[in-house]
Amino acid sequence: MRILVINGPNLNLLGRREPDVYGHASLEEVNAFIRGYFKKTEIDFFQSNHEGAILDKLHAASEVYDGIVINPGALTHYAYALHDAIKAIRPPVMEVHLSNIHARESFRTQSVVAPVARGTISGLGPYGYVLAIRALVHFAKKGN
Amino acid sequence: MRILVINGPNLNLLGRREPDVYGHASLEEVNAFIRGYFKKTEIDFFQSNHEGAILDKLHAASEVYDGIVINPGALTHYAYALHDAIKAIRPPVMEVHLSNIHARESFRTQSVVAPVARGTISGLGPYGYVLAIRALVHFAKKGN
Amino acid sequence: MRILVINGPNLNLLGRREPDVYGHASLEEVNAFIRGYFKKTEIDFFQSNHEGAILDKLHAASEVYDGIVINPGALTHYAYALHDAIKAIRPPVMEVHLSNIHARESFRTQSVVAPVARGTISGLGPYGYVLAIRALVHFAKKGN
Amino acid sequence: MRILVINGPNLNLLGRREPDVYGHASLEEVNAFIRGYFKKTEIDFFQSNHEGAILDKLHAASEVYDGIVINPGALTHYAYALHDAIKAIRPPVMEVHLSNIHARESFRTQSVVAPVARGTISGLGPYGYVLAIRALVHFAKKGN
Amino acid sequence: MRILVINGPNLNLLGRREPDVYGHASLEEVNAFIRGYFKKTEIDFFQSNHEGAILDKLHAASEVYDGIVINPGALTHYAYALHDAIKAIRPPVMEVHLSNIHARESFRTQSVVAPVARGTISGLGPYGYVLAIRALVHFAKKGN
Amino acid sequence: MRILVINGPNLNLLGRREPDVYGHASLEEVNAFIRGYFKKTEIDFFQSNHEGAILDKLHAASEVYDGIVINPGALTHYAYALHDAIKAIRPPVMEVHLSNIHARESFRTQSVVAPVARGTISGLGPYGYVLAIRALVHFAKKGN
Amino acid sequence: MRILVINGPNLNLLGRREPDVYGHASLEEVNAFIRGYFKKTEIDFFQSNHEGAILDKLHAASEVYDGIVINPGALTHYAYALHDAIKAIRPPVMEVHLSNIHARESFRTQSVVAPVARGTISGLGPYGYVLAIRALVHFAKKGN
Amino acid sequence: MRILVINGPNLNLLGRREPDVYGHASLEEVNAFIRGYFKKTEIDFFQSNHEGAILDKLHAASEVYDGIVINPGALTHYAYALHDAIKAIRPPVMEVHLSNIHARESFRTQSVVAPVARGTISGLGPYGYVLAIRALVHFAKKGN
Amino acid sequence: MRILVINGPNLNLLGRREPDVYGHASLEEVNAFIRGYFKKTEIDFFQSNHEGAILDKLHAASEVYDGIVINPGALTHYAYALHDAIKAIRPPVMEVHLSNIHARESFRTQSVVAPVARGTISGLGPYGYVLAIRALVHFAKKGN
Amino acid sequence: MRILVINGPNLNLLGRREPDVYGHASLEEVNAFIRGYFKKTEIDFFQSNHEGAILDKLHAASEVYDGIVINPGALTHYAYALHDAIKAIRPPVMEVHLSNIHARESFRTQSVVAPVARGTISGLGPYGYVLAIRALVHFAKKGN
Amino acid sequence: MRILVINGPNLNLLGRREPDVYGHASLEEVNAFIRGYFKKTEIDFFQSNHEGAILDKLHAASEVYDGIVINPGALTHYAYALHDAIKAIRPPVMEVHLSNIHARESFRTQSVVAPVARGTISGLGPYGYVLAIRALVHFAKKGN
Amino acid sequence: MRILVINGPNLNLLGRREPDVYGHASLEEVNAFIRGYFKKTEIDFFQSNHEGAILDKLHAASEVYDGIVINPGALTHYAYALHDAIKAIRPPVMEVHLSNIHARESFRTQSVVAPVARGTISGLGPYGYVLAIRALVHFAKKGN
């Protein structure tokens, strides 16, 4: 089984950006943390600050991966093109947020991605990615 | 470790109510499904259609459990008393929704519980409870 | 044929509460008034100030009654759990309001129950219950 | 006793227009269906696609009829002139909708007519007109 | 100088409709009252419950009258076609309301006509028409 | 008969401020223009840029004048204290605006004064004051 | 093939009304302009300032025409009865606006017709009708 | 004189719940504190997390108490049934909030109870109950 | 201990203005009524219709008084400068309203003062000032 | 004459993405379909998922093309930078949408591009591009 | 060159009021700080808590000063009379805010002054006045 | 000291785009104009139409520059990723707008960048960049 983990704008700054909210681990450390939980699952990682690059990646991933985990960063709140892309591709997409977006600024409570995601996990830090991958593996085995 | 799983109004009808949305398993079957995933964790289940009874249970649980998973059903969207109760008690509370509440009627997109939950998982059916418990176990071991 | 009439919060005060709006008959008198119109139909009555008790009753009624008439009182305007319960059960549910809810305070113009009701009757006082039962009998005979 | 039943815009298309929502009976058949329920009550029918013609009819009906049933069609949602006319005339006016307007597009949830109607009945198809006339007869006999 | 006074829907009911709000004089009496104030000005009156007929009249009046006074009745609040017609014709149009529309239901506070009117007078009963004509005469003499 | 004309903030700049909107006459010239229309009526004028001073004046005027004309300037849109003062005093108050406030910025469409005014006249330039005084004289003679 | 072109309120004033926005050609000239583009297609024209008359025409056209082009004028923004009529009839309906309604007053950005139109063309002046008819011809030949 | 003090959901947690906001005294200690201020007034206390139980209590209290003090907790913000109950019963009801609800989350600024309360006191901690009882005693003696 | 009681715009009219809402006592009588309750507390009174004068007074009071009671009148609803002044000064400020502002026009439900007040008391007439001073005395003695 | 057709995010997936909404033809097939209609017009095509790349292209196109057709995909609803770019460049820009954006999710009813487009065509599938080019050719020949 | 610096309500409290937000310097010290930057420019200072006094000052300044800097304090958010005054006078007006008004309470994000200011500078503390004066000097020399 | 000036989408068109609003100088000329004011400060310039490229640049600049000036163009109004990036990096960021964004279309009044900027300067044309750099230099020397 093959999973793609996509991180959106500013998530390359993990560990340096508001550590009280996002933790002290760098993105590389988070990715290693995630991989440590999965022996049999092939996991690729992709980060970009470019909405267009994420769209290109999602399109390309459509025939390659069995599931996708995405943390869209701030694109969550306005990037309807991401909404359309997720709706358009074949593999199920899990939406993950490191922090509890409902406990922060009001603009963060709207997700244009959530209506087309297979499921959403928020507020659990890096462990949220682990659970999202578990969900994808679970449904791949058990069916929907 | 001891976990309490609370289900709110109408969730006792699981399996009979809109099976296309909520699946065919009854609440008892869902509870058994959840328990099957955890050997070492003590899990209790509580369901009520009474907001007040859920508040009483949350208060009583404060000193007894190490973590709580709650699917507040439709109370999610208006029961600010639930918001206050979750904020008031000691153990972390995970919010779970069986369906993707963002892909349904617009009134379901507002959660008055989410801002005070430790984390939120939605759209993953009964497996969402399993992941929520995993998260509680994870953070109990690793710290927050 | 068997019909259940449910009255929600504060309707036990009928006759004492704002008689200009709700009339001078007590709930018992209203129930007798209703029963007087129906010889062959079995009619049960239930009143509660507890949202949870009404939900329990609706669930229990699902396999017992051929139709339900509900006047949810002020729950009409916020109790989404009632919305879900009505949607979840088998018998058709008629929504009744004694007064014209559109001619009063603005918060009374929203009904979270109406979208899932078989039909709605408002502004006709106790006679509204009679018409609602007639509608249930009519559709039971003629089909939908 | 003399009753006028008014149908607004597009209701002349009954039977041809969205039969899943409005049924297969033509307006003439619906009128015959209604008349079949009342032996002693004189019932006249009027349909127009012209707001102005309905206003003229309401004014003329003021001294002629003992009660009026109106299904304003889409005028329900914006024709404040209808609101004013109903408020201005003598006989009580019952508002009827064939379908459950609360379970359809959001613009249909607002009725500018409801605040001035004697009562409202919705969701019961042609039988709604029958119940509305019964209510007018009932209150004419019993007083308000 | 030639002036046209247009009254919209339900104003033919003047004297019979809510006399506390609109006074006891009939439309004919109001028109006579207005005419009594002007010796040298030719005044024509037109009333219709049909938005379309008012539009036709406005178009026809464009080349005939030197000024128009309109009380659009409830069309004030939604008839954008009236807005467009007033904007399209040559003579200045004064908007008149018998009652103080700002002291009544909230839907009456919006006027889609006001932005294209030469001026607006409200709350002065039939005397408002007199002042509106005076204004038209004044500006015809003095220029704008 | 004794009338007070009150002008609010910035109206002392008349003639200098946006002459396209407000005309080229100074406030003194406008006052003279108004006085020219009335031989038998005693008219006093008051202008202030201070909301508090206008309130003081309205209070003092309560027992002295038979009618008040007020152009509140921008206070129209937010000064609820003006609303309360007008409601509290004895003489009728006419609201006047030089320009058509409905054809300008959207914030100008709300008047917190209008609901308590005897009537409102807008868009007629200085002649609007003349008509407002006529209305006060008219109603003083004829009764309301 | 047979096409009906309907123009709504105030479009009979074309050429005289705001020529900067709507051009200098009269409605007759516009109709001749349109007809000049189509040799083999039978095109009828209808204009009315009466919403009701347009509804009547749409109903009558249902069995006669293969396609309809409508420029609803200001009815676009509030006439839900037009929405219902277009939804109810058989032939496809193209919505046309002469001007770019999105570049004008904010009330013009809402179209209650667009959701039920086959397609919408705006901003292209009289040529928009030509393109709308081309679209109807195209889809009649090619299927939808 | 006899007074009932009602505390709503989560107020049984006083002293344990957010002590920075609500203080360190338990509900029992608060009740004792209140009682300490009144020698001649009989004061009963009631707390429940069940909206329905509070409604039942209010109904029962109608003929027993001379005044009621209620701190509805989070029910303040959505429980319209409480609104109706307070409106329906005989004794005056004072609304009390421990904290300044206007200085906290925005959802706390709406009170559905306030429009039917005799008066409201907020932000004064337990002393607010004392003042509310004083007000009830004051008005019972002096009349309203 | 030294207390300042500030009354805002139009409160000098007490006794003359809407006595049904505000009572028949003049402001001087109300002040005497208040003083009658306090023997040991020095109480000064200040009233102004000028927002700026109230701001000046609040600033000057900062070092002189131990507590301030303010009834801002209509300034309550829009005077953010009052908000800032109360936040800026040293002594605690109690907000008092004679009437129940939540049971009146909708614009009165917003208070820009409440978020920065020590507490709020409304609906209790002149006795509200007495309770507000009691609260200030209470907290001065007991600490916050 | 030289025309540029720009397609925005996700339109490279045409034929694979929601074929019920967007049809089965790929973007290449759609482009060939368009070109088939024009012999004398030079047409270039550009697609990108990157808003920035589309902006760059629009800037570069300013001096090269005589007209531009753009289907901005989901950028339609939020990309104000596209709004600014279209306003800034020389050639007229036609906005095209394959589907009827007014008959889908509510977020699709807002177009930030429409106010600056020369015209808009929606709901006509690939044929909409053909009509858009025809419009550009038409206006290039006839002038605006 | 002659510049007037106006400070609105509560700014006389600088140094004492929320020093974390506004700094520790008094208004006199801030004024001295500003003057220290300008040798050749004549700078006058004015502070008032009275909206009316600020309006009077602005009017008087119209013919005296070459530029005005205003920090309207809380008047920024509601004083439309200030908006009108700034629009009415001759010299350019720079709007200055000490703190970043966009990072504070939501009511502070609306400025009714900004649309008529020559420019706006916020978030830079007292140095913002210096830059605002520099801008006025710059444009006086270079033209607009 | 080292400063980076970032210009967002469409600002490369300066001089060609709406010169009435943005002036006739090209971006290169504006940059030269800015540099001319600073002898001792090292200033780099960056322009991109790609939101992602601006994010990359901001991240890279975090350790290199002592201050950043950004004119985000239309990204100002929706690019929450920019908000997050500015919050995440080390150097202070000044927001600059050439035109007065509050005096233009309503969508331009919202800035998602302003809440996280060190300060904002708008309406001063290219000179706004100069003042922004001065502010950065000032605070670097004096501390915050």
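Letters A, B, C, D, E, F, G, H, I, J, K and L mark the chains in the order given here, with residues in each chain numbered from 1 onward.
Definition applied: a residue touches a chain if its C-beta (ideal position, glycine included) is under 8 Å from a C-beta of that chain, and two chains touch if they have at least 3 such contacts.
The structure presented is a predicted model; accordingly, all values stated were derived computationally and were not measured.
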item: Minimum number of chain-to-chain touching steps separating chain B from chain G; value: 3
item: Rotation, 0 to 180 degrees and nearest 5, that superposes chain F on copy chain H via CA atoms; value: 120
item: Selected pair, greater C-beta contact count between D-E and H-I; value: H-I
item: Classification of the chain E:chain F interface as same or different, half of numbers criterion; value: same
item: Distance between the centres, which are taken as Cα means, of chain E and chain C, whole angstrom; value: 47
item: Euclidean distance of C-alpha centroids - chain K vs chain L, Å; value: 23
item: Centroid distance [mean C-alpha coordinates] between chain D and chain A, Å; value: 54
item: Shared-contact residues (touching 2 or more other chains) in chain G; value: 50-53, 78
item: Interchain contacts, given as pairs of chains that touch; value: A-B, A-J, A-L, B-C, B-H, C-D, C-H, D-E, D-G, E-F, E-G, F-I, F-K, G-J, H-I, I-K, J-L, K-L
item: Residue ranges of chain F touching chain E (in the complex, touch as defined); value: 100, 102-103, 111, 114-124, 127-128, 131, 134-135, 138-139
item: Chain D residues touching chain G - in the complex, by the definition given at the top; value: 8-10, 12-13, 16-18, 48-53, 73-75, 77-78, 107
item: Residue ranges of chain J touching chain L (in the complex, touch as defined); value: 50-53, 55-56, 59, 78-81, 83-85, 87-89, 112
